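One chain, chain A, appears in both complexes that follow, with chain B as partner in the first and chain C in the second.
The block that comes next holds the complex of A and B.
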C-alpha cells in the first residue's frame, strides 16, 4: 500500500515537472504569463484601495481583510491550477473520449488525469497571493493557517471542478456549465461575504463552495475559531470524497471516442 | 494456456438523435430522443498465449470497442472477459501492469518531450526502478533502431519514428499481451514492413501475445496465423489465414476479406 502511494507520488511529481518543462520551452512567454497574472491581480487591489478610501469598510471588510481574501483566493486558485489544472477541463476530456490513455495505465485514473496539465500563469497567482498575505503580517500562526487554507481551498476548488466535470458522464455540454460555475467561485470569492444575504449567501456556502474555500478561512485567520477551522477541514474532505465517488460512478458510463488526438 | 478468454461480451451505446436543421435542434431540446446502438453483441472467442491474432472488420464493426473492453477502458454491458486470468473491469490496474496498448490513431507519448524522457516517465508509471528503465531502454533502443532520434522531441518525429516509439513505450514493462489498434495506419510501405518485422521479432523472442486490429491486409498476412472477422458487432468468421487462402486460391486475401464484408452486408 505504502509503496503504491510512493509510486503514485513519483509519477505525479514527474507529470507536474514535465508539464512545467513544457511551458518553460518558451522562456519569454513563461515569464510574461507568470508576471502579467500577478500584475493583473494587483490592479484589482488598487480598485479596492480607492473604494475603501471612500467608505470605511465594505461588508465588514477593511483593507487588511480584503488583502487576506485576495491572497487566499489567488494562492488557492494558483495551487489547484499548478497541480491539478486538468480538473478544470475534465468535462471536455469526458465528452471527447480522451481518458483512454489514463485508463490503460496501472495508476489511479483520477489522480493521473488531474496532474496531467499545469496552468503556468497560476504560478503568478500563487506567488501573488503568498506575497499579499505576507504583506498583511499575519504572524507565524496566521501564516501557518494561511498555508493550511491554501491547501483546503485548492482541494475545494479541484473537488468542485471534478464534481461538475464528472456530470458530463450523464449530461452532454456540461463543459460550458462547468466553466461558468467553477469560475463563479473566483467571481464571488473576491468580494466580502458580508454583502451577500439570504438565498445568495446560502447558495454561496452550500452550492458554490465560496464560503468554505475563502470566507470561513479569512475569518479564522483574523480571529481564530476552532469550530470554523474544523468545519472547513471536514467540508474539504467531504467534497473531495463526493467528487471522487461521482467520478468513478460516472466512469462506468464512459464511452471513449475515435477522434484522432495527441497528448500535448 | 489461454491469454484472452471472452464469453458473450456485449456493449451498447446510447446515442442522441436529432432531426436536421434548427427546428430539429429546438425539438431535440424539448423532446430529446436517443437510440441504442449495440456495438458488440454476444462475442465469444479465446486467444492462446503467444498467438498473433488479427481481429478485423469494416469501420464501426466493434473492433475498437472490443479492445477497449479487454483493456479496461470500457465497461461491458454483458458477458465476461478475462485477460491473463484477470477481469479487466474488476482489476484494471493489476491487468495494466501485464498488458501493453498501441492505438495508431491516438498518441500516448508526450509530444513536447523526447522519446527518452517519455520512456523514463512510462518506466515510472509501471513502477520500474531507474536502473531497470535504463536497461530496458538500452535493449529496445537497439532493437527498434531509435538511436538517431531518442533525444528529439516527439512532435518533431516522422509518423514512422513516432509509432516505433509508441511501441517501445508499450513494451518497457515486458507485457504478456500487446493490443495493437491499427498500428500501421498512415505509414509508408517500407516503414510498415519495418514495424511488422519488429512486432514479429518481439512475439518470437518474448512470446508476447498479439491482438491486432488493422484494415491493412499486409499486416494480417505477414503477422497473423488466425483471423476473426467481426461485422455489426458479431463474429462472422474465425479461421486460420492459411485455410482461407487455400480454400479460395484464385483470390487474394484482400479480395476474400472484401467478399466476406459484402456477403454480410447483403
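The block that comes next holds the complex of A and C.
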C-alpha cells in the first residue's frame, strides 16, 4: 500500500516536472508569462489603495488583511494550477471523450488526469502571493500557517473544480459553467467577507467554498483559532473525498469519443 | 465597403445561431455585479451620500455599464485569435483574400459583439432596475449619442488590442501584454470612474485609452450632459485615428517579417 502511494507520488512529481520543463523550452516566453502574471496581480493593489483612502477599512479589513487575503488567494490558486491544472478543464476532457488515454494507464486515473498539465503563469501567481504575504511580516508561525493554508486552499479549489467538472458525466455544457463557477470563487475570494451578509455569506462559506479556502485562513493567521483551523482542515478533506467519489461514480457513465490520441 | 458589410452580416448570422451560448456567460457578469453592489453598499454608509460626486446608485450603475462593455464585447477575435493566426501560420490563408486583414478582423469582431452586447445590456438593465433601482433623470432622447459613444469605445479598445496582438510578428506570445492592458483598463477604468482618483492623476488618466474606452461611454449613461458628450466624442475621434494609424503601421512592418514554413 505504502509503496503504491510512493510510486503514485513519484509519477505525479515527474509529470509536473516534465510539464514545467516542456513549458521552459522557450525561456523568454516562460519568464514573460511568470513575470507579467505577478505584475498583473499587483495592479489590484491600486484598487485597494483607492477604496481604503475612502474608508479606513473595507468589511473590517485594513491594508494588511487585504494583502494577506490576496496573497493567500493568489498562492492557493497558483499551486492548484501548477500541480493540477487539468482539473479546471476536466469538463472538456469528459465532453470530448478525451479520457481514454488516461484510462489505459496503470496508475490512478484521476491523479493522472489532474497532473497532466501545468499552467505556467500560475507560477507567477504563486510567487506573487508568497511575496505579498512575506511583506505583511506574519512572523514564523504565521508563515507556516500560510503555507498550510496554501495547501488546503489548493486542495479546496482543485476538489471543487473536479466536482463541477465531474457533473459533465451527467449534464452537457458544464464546461462553460465549470469555468465560470471556479472563476466566481476567485472573484469572491479577493473581497473581504465583511461586505457579505445573511444568505450570501452562508452560501460563500459552505456551498461555494470561498470562506473555507481564504477567509477563515486569513482570520486564523491574524488571530489564531484552533477551532477554525480544524474546520478548514476537515472541510478540505471532506470536499476532496466527495469530489473523488463523484468523479469515479461518474466515470462509470463515461462513453469514449473514439478519439485517437496518445500520451507520451 | 460592401465586402466588409457582407463579412459583418455573415458573422452576425452565425453568432445569432449561437445566441443561447452567450447566456451561459451571464453567471460571471452577475457575480461581479453582486460583489460591487455589496461593496458599494458597505462603502456608502448614509443615504444620499456622495463619493467623488456619485451617489451610490450612480456608482453601481457606472460599474454595471463598464462591466457590461467588458463582458459584452468579448475580445477573443482581436486578441487570442489574431495572435494564433500569426503564430500558427493561418494568416497566410487570410492575406491573399481581397480585404485588408486588420479590417477583416475588426469587422468580424463587430459582428460578434453585435449579438453579445445587446444581450448583456438587457441583463444589466434588469439587474440594475431590480437590485439597485432605475437611474434617476435618465435622458431617453440621448440614447443614440450614448450608443455612438459605446460603439466608438468598443472599436478603439479592439484597435488597441489588435495592435498588441500584431506584435506576434516579432514575439512568440503576446498574451501577457494583453493581461496587463486588460488589468489597466479594469483597475483604472472599469472599477472606478476617473473622478475617484487623486486630482493630480485625473488629467493623466484622461489622456489614456481608458477615458475613451470605458469611462466615457459609462459616464454618459450614468450622468449625461451635452458638453461632456461632445468632449468624449472628440477624444474618441482622435484616439480612433491615432489607433488605426498605429495598427496599419505595425501590420505593414510586421507582415514583411512573416516567415511561414510549409506544411
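Here are some notes:
One rule holds for everything that comes next: the second predicted complex is superposed on the first by the 258 of 264 C-alpha atoms of A that agree within 3 Å, B and C clash if a C-alpha of one lies under 4 Å from a C-alpha of the other, contacts with A are read in each partner's own complex, and residues count from 1 in each chain.
In the analysis below, a contact is a pair of C-beta atoms (placed from the backbone, for glycine too) under 8 Å apart; a residue touches a chain by one contact, two chains touch by 3 or more.
Predicted model, so just to flag it, every value in this text is computed and none were measured.
After alignment on the shared chain A, the placement of chain B and chain C results in a side-by-side fit free of clashes. Judged by the touch definition given at the top, the superposed model places A:230 against neither chain B nor chain C.
When the two complexes are laid over each other on chain A, the CA centres of chain B and chain C sit 100 degrees apart as seen from the CA centre of chain A, to the nearest 10.
By the touch criterion stated above, A:39 is placed in contact with chain C alone, chain B being left untouched.
Contact with chain B, but none with chain C, is seen for A:256 once the two complexes are overlaid on the shared chain.
Between chain B and chain C, the minimal CA-CA distance in the chain A superposition rounds to 7 Å.
On chain A, the positions that touch chain C within their shared complex are 26, 28-29, 32-33, 35-37, 39-40, 43-44, 46-47, 50-51, 54-55, 58-59, 121, 173, 176-177, 180-181, 183-184, 187-188, 191, 194-196, 200.
Residue ranges of chain C in contact with chain A, taken from their complex: 21, 24-25, 27-28, 31-32, 34-35, 38-39, 41-43, 51, 171-173, 175-177, 179-180, 183-184, 187-188, 191-192, 196-197. Only residues 13, 16, 64-65, 68, 71-75, 92-94, 96-97, 99, 101, 103, 105-113, 117, 120-121, 124-127, 155 of chain B touch chain A when the two sit together in their complex. Residues 3, 7, 10-11, 14-15, 18, 21-22, 25, 99-101, 103-107, 172, 251-256, 258, 260-264 of chain A are the ones that touch chain B when the two sit in their complex.
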